[in-house]
Structure formats: structure tokens, C-alpha cells
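Listed below are the structures to be examined.
Two complexes, one shared chain (chain A), two partners (chain B, chain C).
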Partner chain A sequence: MTNVLEIKDLSIDLIKNKERLHIVNNLNLTIMKKQKYGIVGESGSGKSLTSLSILNLLPEGIEVGNGHILLNNDTNLVNVSKKDMRHIRGNEISMIFQEPMTALDPLFTIEHQVSEVLKFHGETSKKEMHNKMMTLFEQVGFARPKQILKSYPHQLSGGMRQRVMIAMALICKPKLLIADEPTTALDVTIQAQILDLMNELTEYYDTSILLITHDLGVIAETCERVAVMYAGTVVEEASVKDLFDHPAHPYTKGLLSSVKSLGDRTKKLYAIPGNVPSPVELKDAGCRFASRCPFVMDICREKEPELFSVQDRHYSKCWLHDMEEGSTYEYATTDSESS
Partner chain B sequence: MFTYVIRRILMLVPVLFGVSVLIFLVMRIIPGDVAQTILGTDATPEALQQLREDFGLNLPLHIQYFNWMSGVLTLDFGESMRTGKEILPDILSRFTVTFELTLISALIAWIIAIPMGIIAAMKRNSNTDFGVRIVSLLGVSFPNFALATIIILVLALVFSYSPPVGYVGFFEDPFKNLEIMIIPAIVMGTSMAGAVMRMTRSSVLEILMQDFIRTIRAKGAKERVVIFQHALKNAMIPILTIIGLQVGTLLGGAVIVEQIFSLPGLGQLVLTAINQRDFMVVQGSVLFIAFIFVLVNLLIDILYAYIDPRISYK
Partner chain C sequence: MSTQQPILRVANLKKYFPQKLGLFKRSKNHVRAVDDISFEIYEEETFSLVGESGCGKSTTGRSILRLHEPTSGEIIYQGKNILEFSKGEFRSYRKDLQMIFQDPYSSLNPRMTVKQLLMEPLLTHHICSKKEAEKRVYDIAVKVGLTKPQVSKYPHEFSGGQRQRISIARSLILNPKVVILDEAVSALDVSIQAQILNLLIDLQEEFKLTYLFISHDLNVVQHVSDRVGVMYLGQIMEMSSTDELYNKPLHPYTQSLLSAIPSTKPREKKERIILKGDVPDPSNPPSGCPFRLRCPKVHERCSVEKPVYQEVKQNHWVACHLYDERNQTDKDKKLEEQFI
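What follows is the complex of A and B.
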């Protein structure tokens, strides 16, 4: 399979008083054609910034410091011209954002805003645009697409707006769809619908997905491969099945034990102690999870761990894997508190 | 839309009624006697009394108000107590001067202010932004009369030019008329520009930080489309509010600038009438000015609804 997007040694820097703080550090990931790739992490882990850096949409004062982002193995998105980047945005790579309530311009009709994408990428025939929009609006499940086209964002519900966003994102048949927390702001009942829709349509259009979320359930439902991010770095990368069955990194284990399960209600929900350190607190040396890790060793505070291969194509950035093979460790759950 | 406008116009009635009562009472409360100012200090008490009776000033207040109002409702604003001229035609002819001054000033202000405000917002915290902010602050805070005096002095001393004296209507001699109008318009325009510039900058800046701007960029829009089609339209509501207030105020006459450049505008009319205690002229012009002010704001409200679909006509 061919690579659609390859991120190599990416660092994203916050520039403050001419000093550079690495908010995202040494990030590597590869998304193949038609693959559904997930990035999961707490807020502040740098997952959204990573997604914004791909289309060079980083907010003021934050920029890519190092590394490259390759599209189709040839175009490096870090240093393409503004013009080329405009051609890629919405056309080869498109994006869906978290908050459908504010992601659409309130003053223009849906038709205007969706047709804009086509217009920006060279479509001139009004009829052609209308046909494309009608097809896609039917695909995203609007019963009366014509009426939706004529309405303004405030006349639609959150779920409907997110459908509009999906239609808008897919109308140019992009190679990659970046979805940054696409369901977080929606009702639980709508969430599954939107995820199904994304899955279905990206398969139809041969589009790969990069899904950013803090919700492991969303990852399990949607993705094939997943990277777990913590404090600006990928701590574990694996296929979704491997990650859920055999989590390797202490942070991933912590995350998985903090997920509610209906089966066992007696257990108190686990919480990883502490918070994600802010970029200012990060030290250059050592593992970024060291301060919260229950298995912390001396080496963790001194040297940043390498990415160890735990299994076939399952990587974990933790010194624990450096010890003798078969070294197993169990996560400290709070069994004692069960009643 | 139509019913909305009708309803808004009906809402003007109580406002104008309030204004008319207020100005009617104020004119009668302030010290000074129109008969005295007309006849001079040597007039006999009998002559003064006679004149007051001629003007109907001896009648009870509510009768006086009723007489005035019944005239106004049939568009008869009465006659000037000083000159005996009909008031409404006088107001209208002076309003054309004020209207022209406002129009040119506003155009000057917008042409400077809106692009500068946008540029400042786009290049936030740059030297350009810093410059724009200083200029706009100067525009807001520098007094009109001082600026007018400086311009007149500089033109006279450095360029040996002095603007023509004596007003000429636009339709009599357009070029001479514009020559007369341009300097007062620049003076008015720069002070209007300051406020509009500041509002444009902050408003565009706020919109540029919104999520939907990121969406538009992510769609592949050129920066030109982002700024002029989306950001500016969204930023327009607060800018329009400022513009509406400024234009409304200016259409009521720019007393100081009209005085300095001896333009026969509304401001001058009111000022002279107040000095002469010409009740009828003051009442009539103030009512007219209030009417224009609320009308401008009504227009702005209709524009809001036109720009923003979330503001409904109902």
C-alpha cells in the first residue's frame, strides 16, 4: 500500500520571547491509502496541533520547528508555497473540526459555503457544482438536500451541521480527511451516526482518515491503527486490536483502565494521578510521563526512552521494554476499594 | 420585511413625541425673553406684552404645545419669531448643506478608516498596527476646531491659499461648492475616521480568531476571500453601529465646524436661534434633527437584518 501522509521527526514549537518550547516533539506517523488512523490523548497532549500543522493552520506564535510532513511521498507540506498549500487544502487534504456550531460562517447560506470549496479548486459551472452538492448531501443523509442548501447555519442542528462539514470536506474527493474531535460536541445518539457516516463515505471515496480524539471508544469504533500521544510525543503506536488487547505503555494502560465498562460496576474508575505537564514544565531530558508513572525508574528521569518494538508493528516508548524479555508488569488498579 | 419597517416607523412616534415635549419645555424654562431680544432693552412693558400676545406666549402651556403640534403634524412648522420666514423651508435648505458635508466627511472617513483598520487587524502588533492605532487615537482625541484652525493656517501661511468665503450651492457651481466643502469635510472626516478605524480593527481581529475563519482557510480560500468576503462582512455590525451614530449626529449639524467655515448648515441655524431665543425655530429644528437621527438608526437596523440572517424581521 502507498503512503498518503508521512510525518517524520516533527516538532511544533511555541515561540515565546524568542525562545522555542517544543510542544510537540519527534513525532512520527505514517498513514496509508484508505487507512483509518487515530490519534488519542488527553487535552494538552498536542494532538490537535499536530493535525493543524499538516495544513499549516497553526495559530499565531506556534510553528513547525523541525521535521517534515510528506504528502504522497513527494510534497513536503512544511515548506510548500502558500499557493500550493491553498491547492492542497480542501482538495487533497480536508478537515472537519470539533465544534460544528462555530465552524460555519453564520452569514452565508450552506450552498454558498459548500460551493466555495469547489470554486476555490477550479470548478466554474454552477450546474456542475449544484449537482455535486446534491449528490453528496443525499449521501450524508439529508432527506431534503435542496432545503438544506438554502438554509443558514443557525437553522440547522449540531448533527446536521457536522453532516454539512463532512459533505464539504469530501466534495473534492480528498486523499486524506483530518477529523479533529468530530463528535465531541455532539449528542451521544448522534455521535455514532456521524462516525458511521464518515466511515462509509471515506470508504466510498477512497479517502484515508486521520481521526483526532480523546475518546478511546471512538477509536475502537473507527480506526485501524492508533497512536497514543502524551505531552507532545507519541508514546505508543499499534493496530487498534493490539492496543486494546495488549497495551504496552504505562500511560496507555492507565488510559484503558480509566474507561467505564458496563460489565463491572463495582470497580471504582481509575484515574491517572496528576496532569499533563505544560510545555513550560517539560524538561528536555527523561521520559515525559515519568512524573505520573507508577513504574518510574531512575533511568526514566535521565534519558528519554527510545521507541521499542513490542510486537510486530507495535511500538512503545518506555524503558520497561528494555529489560529482560518477558518482564511483565501489572497496572496498579484500585481493587482494594471495591465494595 | 415591509411590516417590520412599518412597525419600526410606528415606534418612532413615541420617541419623537418625547423629544417634542422635552424641547418645548426646555425652551420655556431657560431664562431669556424673545420679546426682549427683539425689541431691545428700551421697549415699554406694554409693547413687550403685546409682542408676547402676538406670539401666543401668554396662553397656557398645553394650549401653546397643542397649537405648535397641530401645525407640525400638517408639516407647518410655523414662522420664525425674528424674521417672520417660514421655518420648514429654511430647515430643509440648511439641511442640504449639512447633508452634503456629512456625506463627503463620511466618505473620507470610511475610505481611510476601513482599509486601515483591516490592515492593522491583519498585521496585529506590527509597526503598521502600532502606527494605525496612534493615528486613530489622535483622530478621536484631537479637537475639531484645533485641526480646522491648523489646516487654515498652514494653507494660508505655507501655500498662500485660503478657501473661498461665502457659501455657494452645489447646483449653482459644483466646483466652487466642493472647494468650499472639502476642507471642513476633511476636518470632520478625520475625527470620524479615528473611531471607525478602532472599531474596524478590533472587530475584524475578533472575527479572525473565530473557528469558521479556520474552516474557510482549510477549504483553500485565498487570504483576500477570507478577509473581504467573510471577516469583513461579519465584522460589519459593530462598525455599522458606530457609523450610524456618527452619521446621525453629524446630520444634526456640526456646530463648531460650520461656524469656523461659515457654512449655513443646521448647526448654525440652531445656534443662532438659541442665542436669539427664537422658540419656534429651535423647537422645529430640534424636532427635525431628532427625526433624522432616529431615521438613520432605523436604516442601520434594517441593514443589520440584511447582513445577518440571524436577525429576523419579525
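What follows is the complex of A and C.
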């Protein structure tokens, strides 16, 4: 399979008083063709910034400091010109945001907004555009697509607006769809509809997905591979099945035990102590999870761990997987010995 | 864990919001946010209301505190109907009934220190002297996991989880009997959410509190509740003990709601019931059963007749024609067999 997107040694910096704070540090990930890739993390972990950096949409004062983002193995998105970037957005990569309420312009009809995308990407015939929109709107599950096209965003519910966003994102058949918390603002029953729809359509259009969420359940249901982010770094990367069966990093373990102990009222909920550190509190030296880690060792505070390979294509950024240092890691699963 | 003594009884509660149709026009339509619901909360138990957005769960919570004046119905607290009280009389009951809100960012006054925030309720209710109040502030702050020096800080210096601890301390400082938690952990990250849930459970035991827990998160609800009521379009569709509701849900809505929760076990693919469409507009609800437009088990009777909310098993209440035995015709029975 070919790579659609490859992110190498990416760091995203916040420039404050001429100082560079690495909000995202040394991020590596590869998304293959037709793959469904998930990034999961708590608020402030840098997952949304990562997705924005792919499309050159970082807010002012924040920029890519280091590394490259390769599209189709050749175009480096970090230093693409503005004009070229506009062609990549929509055609090659498109994005769905969390808030379907604010992502659509309230002053224009749905038809106007969707046709704008088509016009920009070279479609001129009105009839052709209308036909394209009608078929796509039927695909995203609207019973009466004609009516929807004529309506304004405020006339639609949250779930319907998110369907419009999906239709808009897929209308140019992009190779990669970035979905940043696409179902967080929606109710569970609507979330199930939208996830189902995304799965179905991306299969149909051969699109890869980069799904960004804080919900481990959503990852488990939709993705094939997953990266867990904490305070701006990927702490663990694995296939979804491996991650949920044998989590390796102490942070992932903590998160999963928090989620899995929910509902079992006989036991106390497992809670990771402390809070996610803000970017200002982060030191460059040492592991970023050290202050909350139950297995913290001296080396964790001094030196940043590398991504150790725990198993075949399962990586964890923790000193416990380094054989010499990690002999005290008694809670580790048996297969976590580093190779 | 809970004694069989209802501390709070809500009977036939209705809250209709008038819908204005322009400057000079009279309001004709009403949004039926809460439409005839009844439930009881027993002492020292956690009763949860769960449902999608717009189902009226928050309005119910607010109506109990008379933050919204209910349209009709009764709220019996310790044998008295609190809706009949004048504002002044009700004030003394407010101490017993407290509320914790979802957003710890907007529910704390940014110009007051934590100490001032926590002392305010004690002083407005004339409970004790300033000196005594100060002592109580420190006691409660330590109980919810804040340190003494943190008490003189301002809310903006705290993270979301810690702010929610302040909100909890503020509602508990008056020694309430019933605490209404309106999406109290929904805005928090998973790891922080677990900390706050543990704290709430510990405090409930220590202070013998009764919780009305309002949430859309079915996993959290399962963890904290003794009994659960599922709301849809202003009505309770099903109510029973937590274990029974999660293991043997009867109402088709509860069944689909539970099947929609994303599971954290990627290897187990479960049968999902995906509902079609959205929640209908509460100002114009469908005839008959409110859920019939999305129900996978809908039959003719659902559009004609509103199902009766009744006890079908011991302590298990459902509003659905599928479980209505008293006046079920043979035709319906056949349909039911077909669907189950």
C-alpha cells in the first residue's frame, strides 16, 4: 500500500516573547491509502494543531518549527505556496470540523455553499453541479436532497449540518479526509449515524481518514491504527486491536482503565492523578508524563525517552521499555520486552 | 444503600415555554420542554436522568429548584409541596437543595477569590459568624481536594477539574440534603472526569447526600446511579434500577440508545440499532408516542394512541405499547412477536 500522508519529526512552535515553545514535539505518523487512522488525546494534547498544520491552517503566532509533511510521497506541505495549497485543500485533503453550527455560512443556502466548492475546483456547468450535488446528498442519507439544497443552515439540525459538511468535504473525491472531533457536538444516536456514514462513504470513494477525537470508544469503533497524544507528543502508536488489548505506555494504560472501570460500581474508578501540563510548564528535558506517572524513575525526569518498539509495529515512548532501565516495570504485559 | 423513603417526589411536572411569534402577536405555541413526568428519589440514592439534548432533563432539574417556575405539577420535598411556597418561604429550603452546573468556567464569579466564593452562601443564609464561616471554608476545601493556600486564589488560576471541585465545595458548604448535578462532569477530560466522579461518590457517602444526576453520558450514568430514568421529548420513557436498565432494556429507545454507545472493545462487534432522523421539534411533537417517528418497532397503534407510562415489572416503568398487556388486541400481539 502507498503512503498518502507522512509526517516526519514535526514540531509546532508557539512564539512568545521571541521564545519558541514546542507545543507539538517530534511527531511522526504515516497514513496509508484507504487507512483509517486515529489520533486520541485529552484537551491540550496538540491533536487539533497537528491536523491544522497539515492544511497550513495554523493560527497566527503558531508555526511549524521543524520537520516535514509529505503528501503522496512527493509534495512537502510545510513549504507549499499559498496558491498550490488552495488546490490541495478540497482536491487532495479536506477537513470536517467539530462545530457544524459555525462551519457553514448562515447567509447562503446550502446549494450556494456546496457549489462554491465545485466552482473553485473547476466545475462550470450549472446542471452538472446540481446533478453532482443531488447524487452526493442522496448518498449522505438525505431523503429529500432538493429541499435540503434550498435551505439555510439554521433550518437544519446538528446531525444534518454535519452530513452537509461530509458531503462538502467529499465532493471533490479527496485522498484524505481529516475529521476533527466530527461527532463531539452530537448526541449518541446521531453520532452512530455519522460514524456509520463516514465509514461507508470513505470506503466508496477510496478515501483515507485521519480521525481526531478524545473519545476512545469512537477510535475503537472506526479506526485501524491509532496514535495516543499527550502534551504534544505521541506517546504510543499501534493498531487499534493491539492498543486496546495490550496498552504499553503508562498514560494509555491509565486512560483505558479509567474508561473500562466505568460502569463497574463495585470498584473505585481508576483516575490518573494531576492535570495535563500547559505548554508553558513543559520542560524540554525529560518525559512529559513524568509528573503524573505512577512508574516514574530518575531517568524520566532527565532524558526524553525515544519511541521503543514494543511489538511488531507497536511503539511506546517510555523508558520502561528500555531493557536496562525498565526491569522494574512489573505491571507491563509480558510481550512488552523491547526488541 | 438507599432506604425506601422518598426524599423528593415529582408528580406530573410540566414546564411549557411560550413561543413568541413577533412583537405584537400573542404567543400561541408552546415548547413542551417537560411534559408530565413523575418520579421519586429516595434518601441517599443517586437517581439519574439521561437523554439526548433537548429532551428536557436539565429543565426538570432547574424546575425542582424553581429556577424555572413549573407550569403545573407537584414537587414534594419532605412531605411539603415546594411549589406552593412563597419566594421567602422557599429560601430556607434552598439550603437543602443545591445544584452543580456543567461549565465551571461560567459558574464562578471571576472577581471573587475561592474563599469569598465559598463564604458567600454561608453569609447570605445567615448561618454563622464570619469567623466560623472561615473555618468551615477551609474544612470543605480540604474535603474536595484543594490545598489551604489555593483558597485565596481566583478562579482563573485553576484548571477545569479544579474549578469543578470549587463548585462542588460551594454547593456542599450549606450541608444540603439533595444535590442536583447538571452535566457536572461532561466538560472534563477522561482522566479528570474519573477524579471528580470518585470525589462525588466519596462525598455522597460522607455527607449522606441524595443526588439527582443529569447527564447525556450513558457510561458515566451507569457508574454512579442506583436508578435511571430515560427521557425523550420531555417525557420519561423508561425507568428502573441501573442494572436492569442496562442489561434488560425494554423500551426500543433505550435499546437503541445503549447500542449507540461506542464500545472500547474493538474485537467485539456488537449489533447496532441505528436510529433514523433527529429528535422532533418539541413545539410540534408527533401524535401518539413521541418516539414513533424513529422507532424501529413502530406499529399502527403508536400514531393513534399515546402509550401509558406504567409499571410492567416491579420497579420497572415503561411507556410503550409493546408492553401494554391490559388492552392489547390479538393483532398487536402478533405484531409484537414479529418484531421481537
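As a working rule, the second predicted complex is superposed on the first by the 319 of 339 C-alpha atoms of A that agree within 3 Å, B and C clash if a C-alpha of one lies under 4 Å from a C-alpha of the other, contacts with A are read in each partner's own complex, and residues count from 1 in each chain.
One rule holds for everything that comes next: contacts are C-beta pairs under 8 Å (C-beta built on N, C-alpha and C of every residue); 3 or more make two chains touch, one makes a residue touch a chain.
Just so we're clear, the structure is a prediction, and the values are computed from it rather than from any experiment.
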item: Combined model on chain A: chain C and chain B, fit or clash; value: fit
item: Which of chain B and chain C A:E6 touches, first, second, both or neither; value: neither
item: Touched partner set for A:K268, first chain B, second chain C, both or neither; value: second
item: Which superposed partner A:D105 touches (first chain B, second chain C, both, neither); value: first
item: Touching partner for A:E304 - first (chain B), second (chain C), both, neither; value: neither
item: Dominant toucher of chain A (residue count), chain B or chain C; value: C
item: Partner chain in contact with A:L57 - chain B first, chain C second, else both or neither; value: first
item: Partner chain(s) touched by A:F97 [first = chain B, second = chain C, both, neither]; value: first
item: Touched partner set for A:S258, first chain B, second chain C, both or neither; value: second
item: Partner chain(s) touched by A:E123 [first = chain B, second = chain C, both, neither]; value: neither
item: Shortest CA-CA distance in Å separating chain B from chain C in the superposed model; value: 7
item: Contact residues common to both interfaces of chain A (with chain B and with chain C); value: none
item: Residues of chain B that touch chain A when the two form their complex; value: 124, 210-212, 214-222, 225, 230, 233-234, 307-310
item: Residues of chain A touching chain C in the complex; value: 42-43, 157, 159-160, 187-193, 195-196, 214-218, 220-221, 240-241, 244-245, 254-256, 258-265, 268-273, 275-276
item: In the complex with chain A, residue positions of chain C that touch it; value: 52-53, 159, 161-162, 189-195, 197-198, 201, 216, 218-220, 222-224, 242, 246, 256-257, 259-267, 272, 274-276, 278-279
item: Parts of chain A lying in touch with chain B, wherever the complex brings them together; value: 55, 57, 60, 86-91, 94-95, 97, 99, 102-108, 116-117, 120-121, 152, 154, 165, 168
